[in-house]
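Below: a set of structures, written as structure tokens.
You will see chain A twice below: alongside chain B first, and alongside chain C after that.
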Partner chain A sequence: MPSFPGGMEWTLASVFVPLTGALLCFLLPRRAPLLGRLTALLTVAAVLGLLLTVLAEGTQQTALGGWPAPLGILWRADGLSVALMAMTALVGLGVSVYAHAYFRDKHTEGAFFWPLWLMLWTALDALFLSRDLFNLYVTLELVGFAAASLTALDGSAAALRGAIRYLLISMLGSLSYLLGVALIYHACGSVDIVLVAERIGTAPDLVVAVALGTMTAGLVLKTALFPLHFWLPPAHGSAPAPVSAVLSALVVKASFYLLLRLWLEVFDGGGPWLAEFLGVLGAVAVVWGSVAALRQARLKLLMAYSTVAQIGYFFMAFPLAAVGGGAVWAGALYLVLAHGLAKAAMFLSVGSVLRFARHDRIDELDRIVHRLPLTLTAFALAGVSIMGLPPSGGFIGKWLMLEAAFRQGRYGFVAVILLGGVLAAAYVFRVVGHAFTPTARAQRAREVPAAMEWSALLLALAAILLGLLPPLVLPLLEIGQVAVVSGVAAPAGSG
Partner chain B sequence: MTPLFDPQLPANALLPLLVLASSLVPGMIIFFLAEERVRLRTVLNLGGALMKLALVGFMLWGSYQGQRFEARLPLLEGLDLVLRVGALSLLFLALSAGLWFLTTIYAIGYLEGAPHRSRFFGFFSLCVTATVGVAMSGNLLTFVLFFELLTLTTYPLVVHRGTEAARQAGQVYLAHTVLAGSLLLAGTVWLYTLTGTLGFVPRGFVAEVAETHPGALRAIFALLIAGVGVKAALVPLHSWLPRAMVAPAPVSALLHAVAVVKAGAFGIVLIVYDVFGVEQAAELGVTGPLAAVAAVTIIYGSLRALFQDDLKRRLAFSTVSQVSYIVLGVAIVGPLASVGGIVHLVHQGLMKITLFFCAGNLAETLGIHKVSEMRGVGRRMPWTMAAFTIGALGMIGVPPLAGFITKWYLSLGALEAGVHWPLYVLMASSLLNAAYFLPILHAAWFAEPDPAPTHAAAADGHAAPSRAHAGWLLLLPPLTTAALSVLIGLFASLPFSPLEWSLLIAEREFEYPEARADVPLRPGAGSDD
Partner chain C sequence: MSQPVFWALVGMALVTLGLYALIVHAHLLRKVLALNIISSGVFLVFIGLARRAPEAGAALPMEPDPVPQAMVLTGIVVAVAATGLALALIVRLRAVTGRTTLGDDTDD
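Our next item is the complex of A and B:
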């Protein structure tokens, strides 16, 4: 006898609470800051409930409207989904607290921010729960629309141009994915992941290969893997701080998550050549993105290129996992989670610096180490995770991937993983170093609300704490995976 | 898997955590203290330091009763974070806890009225937390964690002054330590994929794979030693150390004697003894190159020290040279040489911290930063210079000071191992030590003071020195450490002395047939068979 509220209620709540919140914020813009934060809190509670249920009882299935899979919509919350939803919830809570303070004196922007942001959150949760290729497309498109609208938030001509470009790229990616869905539907007669996985063996090889190619290409574009990353730095670098945080921490993860699902559950590990290709691109991204980050004069662009570099790590898992199996995916997912928390903390603290000093030129940070100590601490702690130093979530992820690379004798990947960490330390400490020195002319400063400083700091602490929690997180990631991960990929921990 | 608090061993898991907490908790509180709350900050600082000393003393006593101290936190499959207190850890723990206490007193006096003291003492405490973590690491993973933490927590101290020079020194420091950290990580992960374990045990844990993967093990040894060798300032990885001299004097003391350089040397000792096992390392043929690096470092550091006019830089190069005595003792491969190397962890710490305290006093009270300005300074600051003299003579190796014990055991060890070249290295180094320390002593005690001794102070932006002598907060620590370096030399054979502990450690490492018998390890009793 399922308890109430059980898995179904928590699943529904984690999508419909933010959806209701988004609608209410749209209808009552004056109450939006309060409603928005309340919604964030309730969504976090719902995701927490779901997380605990999944930990206790395993994968939770929810049939919307009571119809079974081929006809109705089926949501399934397994360990992977719930882990990403939990990361989204943490980042979402931090961003919501931060945004309230950030938009306090910008009423128009604030009024648009809340409905769009909660819509984005809804779409992300729905994406993480969906198990049907077409619903995944819909949620992916929703994520893209909400994200593009958020980048247009300040209403300037430049922002609008950037938003349109972002939207076009995002749609191009989604359409490429949709083409693959159409091919698969044609070949397998279903869009339900489980059914497709059963039937794809009998489908024509060429169709499957083309579908794999178009879907991967579309999602890779949306995830901004080198060399398709060109759109990311301007978009993430120009948006308001809470939006940048959400884009870098969450939105690129959604398309990566979807790609991972497809590879694991539909295409059974993908093709070895394609995996190798993605891995090499990932390695190039790590080096290229880090070097580019090092050369930036502005903090926000530095952060954006750092995201490009970190995304590279996720893709290096594809060839490693072809041999190393679940342990490598666990490592990559650990990096995804840690990067989400850490990069959100960093973008938020950069937003505080921007508010404080009215600029984000790295060379002129003018002693923020004692003028804005909490913010700099948040930045540095999050930086520890980005560098992959212990104890942090980033360290665990890197350790698992390094271990696999050594076991497989892939010393090139070893070198890139290590080099990426060193370069990350170089760009993080370039910022921290300049935070100690005074500039020639003293700068006037605006006050930064405590909520902005603390929300960034707590997210950074969460990224650090994640490094001490593998005994909790690694088993969670395995829930619901054993049945799916077959053939090329063995369950985690067997390496 | 042992839970964090095993009901059967309540105190044993608790103590290592308390040792960490005794500096971590005060440090975290200090960060949030307002600048002017001097008294509360001092109470927290000294309270934490005293408590750590008491805890270490208690563990020392407990370990004589046969108690084990160990705390575990599961992290990855088959890989826990482990804090374990063994004989070697206790030596390093006692050293860093004791010197931290003295350095804290000194720093309180030194930084009186200086800005940003809450930040300084906060990181100061975190830095010591990382150091005792390094000391108590029960496996290589835990070691890596605290070793990296040490890098991160010392950085803000190096750049503390916020000048452009300090920032650049910080960048150089990080460039070295972060690169080294990634080598250390690479070696650690690689080793783990071969052995499936990382737990420190006397005589190492690589014996099983030594047959099958000798090449990989040599590469891993090189990676690990390079990883910790940067902090130990092995040539050619040493250049961050003289540059880091821009930091305030207490930080120099911390870098050179309590934490960073020491952690690097301690790391080398651990890697050779408890990861590879010194005899296994010798079989792999990696101790020879290590000994060569140590010898080059000893000579090179002394030569460079000879030509420095800046007092702190001269001391820094002296550290480069002296720390490699430890490495040399380890790499000669023999029980007596090991004793000499391990005991020098303590000896070098005591003597070098004395010298840095004194250099800080000279800079603070008289504005003297250069060797050439030290003429006649012995008359103006007799106590400080007395302590300095003891430290310098100890470094040269004059009996019965601590440095003599080190050199005695190193020489005996080399003879026991049947090699002669370390004797020449030691002799050359002692001559060089004398060549760069004795002129200072001569000028300080016997030369006439400069007619205008305060010009340097004015040029340096200091207020004209008004205090005739350093305050007692600045004087007590160097006098204590100077006295200690006399005492541990004089009473080296008493129980609880660093030498006795080193003998104990070497006995465990080499497994004498009659391990408890004092005969083979006591030089006086004649081991020259």
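Our next item is the complex of A and C:
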């Protein structure tokens, strides 16, 4: 006798609660801030319920409308999905609390923010749960539409340009992915990931290779891997703070997650040449993104280029995992989770600085540390995770990848991983340093609501705490995963 | 050349054409049109290559398969929504800046 509410109810709730909330916020714009925060709380509860169910009972499967796999749509919540949904929920809660304070005196923007943001949350949860290649296409497009609309939120020319460029790129990426889906349907006669994985062995090699190529290219474009990252800094740099946080922390992770799923479950590790190619691009992204971040004059663009660099780390896992297997994927996923929490915290604190000083020019930060101590603490703590220092989530991820690179004798990757950490330290300290230095002319400051400071700080603390929890998180990632090899040694469990 | 392969090749030709137009044209309306041509090409590949699962397809190779048609129908709805959103953003951009190209981001 399954318990009620069980896996199915939690699964459905984690998508339909934010969907309902989004519609209500759209219909009742005056009540949107209250409804939005309430929805965020309920969604977090639903995801927590699903997380606990998966931890206790393993993978949860839900056939929508009771239709079985070949025709119907299956939602499957395994450890990987639930880990990403939990990260989304944490960031989502932080962003919702922050956004309430942020949009308090900007009613029009606020009225548009809530429905779009909750719709984005819905689409992300649906994407993490879907196991049907076509359904994944639809959720990918929903994520793209919501994200593009959010980018355009403040209506300035820069925001509109960023949003249009982002929308065009996002559509091109999704169509490239859909072309791969068409080829896979031709070869395998199904779009269900499990059925496709069974049949792909007998499919013609050429069709599978082309499908792998188009799907990977589309998703890499959407994840903004160097040199396809050109659209990311203008979009992430021109959006309002809560939106930048969501775009950097969650939206790029969605397409990376999908790519990972495909490589692990459908294409069985992909092609060795393609993996090597992605790894090299990732290494270039780490160095190039970090150097570009160092050279930015504006704080938000610095953060955006830092995201480009961090995305590089995720892709360095592809060639390393071809030999190193599960431990490397676990490391990359750890980095994904840690980066999500840390980058959200950083963009939120940058938003507070922007509100406080009315600008985000790094050279003119004028002793912000005395006046916004909580915000600067949040920024620095999140920076610890981005640099990959212990005891943070970023450290565990980098450590797992570094260990694999050493074992395989890939010293080029070792050097890049270490150099990326040093460069990250350089750009974080550049900001922190200016925050201690008074500028020539004193600046008139504006109050920052406590909710904005605390939500960023709590997210940064979560990124640090993640570094103390590998004994909890690593087994979770393995639930329902065939490819992620069990028995990953928890490195430096207590930091 | 079998009929499915022919339509798939026509679809790929449309995709290539659209991709070329997307890259070379600066006017945003043309970019949106190019994306629509790409999506038509992808849909054509999807429908053209559609057939039943291998075991059923062996008996009646040319039997139309309803599943990809349903998917392409969904895809068309998504493409229409995307076009609408893109057009709305372009109209807004023209109202704000008086331009219909992305141009240089540094000038503001």
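Simple rule for what comes next: the second predicted complex is superposed on the first by the 482 of 495 C-alpha atoms of A that agree within 3 Å, B and C clash if a C-alpha of one lies under 4 Å from a C-alpha of the other, contacts with A are read in each partner's own complex, and residues count from 1 in each chain.
As a working rule, a contact is a pair of C-beta atoms (placed from the backbone, for glycine too) under 8 Å apart; a residue touches a chain by one contact, two chains touch by 3 or more.
It should be emphasised that the depicted structure is a prediction, and the values quoted were computed from it without experimental measurement.
S.K.: Applying the touch criterion given at the start, work out whether A:108 contacts chain B, chain C, both or neither, answering first, second, both or neither.
M.R.: In the superposition, A:108 contacts neither chain B nor chain C.
S.K.: Given the touch rule stated above, what does A:186 touch, chain B (first), chain C (second), both, or neither?
M.R.: second
S.K.: Once the shared chain is lined up, is A:156 touching chain B (first), chain C (second), both, or neither of them?
M.R.: After superposing on A, A:156 lies in contact with chain C but is clear of chain B.
S.K.: Which partner does A:406 reach: the first (chain B), the second (chain C), both, or neither?
M.R.: first
S.K.: Quick one: is A:367 in contact with chain B, with chain C, with both, or with neither? Answer first, second, both or neither.
M.R.: After superposing on A, A:367 lies in contact with chain B but is clear of chain C.
S.K.: Mind working out whether A:433 is in touch with chain B, chain C, both or neither, as first, second, both or neither?
M.R.: A:433 contacts chain B only, not chain C.
S.K.: Tell me, which parts of chain C touch chain A in their complex?
M.R.: 15, 19, 22, 28, 31-32, 35, 38-39, 42, 45-46, 49-54, 56-57, 67-68, 71, 74-75, 78, 81-82, 85-86, 89-90, 92-93, 96-97, 102-103, 105, 108
S.K.: Could you please specify the touching residues of chain A with respect to chain C in the complex?
M.R.: 71, 134, 137-138, 141, 145, 148-149, 152, 155-158, 160-165, 167-168, 171-172, 175, 178-179, 181-183, 185-186, 188-191, 199, 202, 234
S.K.: Chain A touches which residues of chain B in the complex?
M.R.: For this pair, the touching residues of chain B are 31, 73-77, 116, 119, 141, 144-145, 148-149, 152, 155-156, 159-160, 162-164, 166-167, 170-171, 174-175, 178-179, 181-183, 185-186, 189-190, 192-193.
S.K.: Considering the complex alone, what residue numbers of chain A touch chain B?
M.R.: 367, 369-370, 373, 380, 384, 387, 389-391, 396, 398-400, 402-403, 406-407, 414, 418-419, 421-422, 425-426, 429-430, 432-434, 436-438, 468, 470-471, 474, 493
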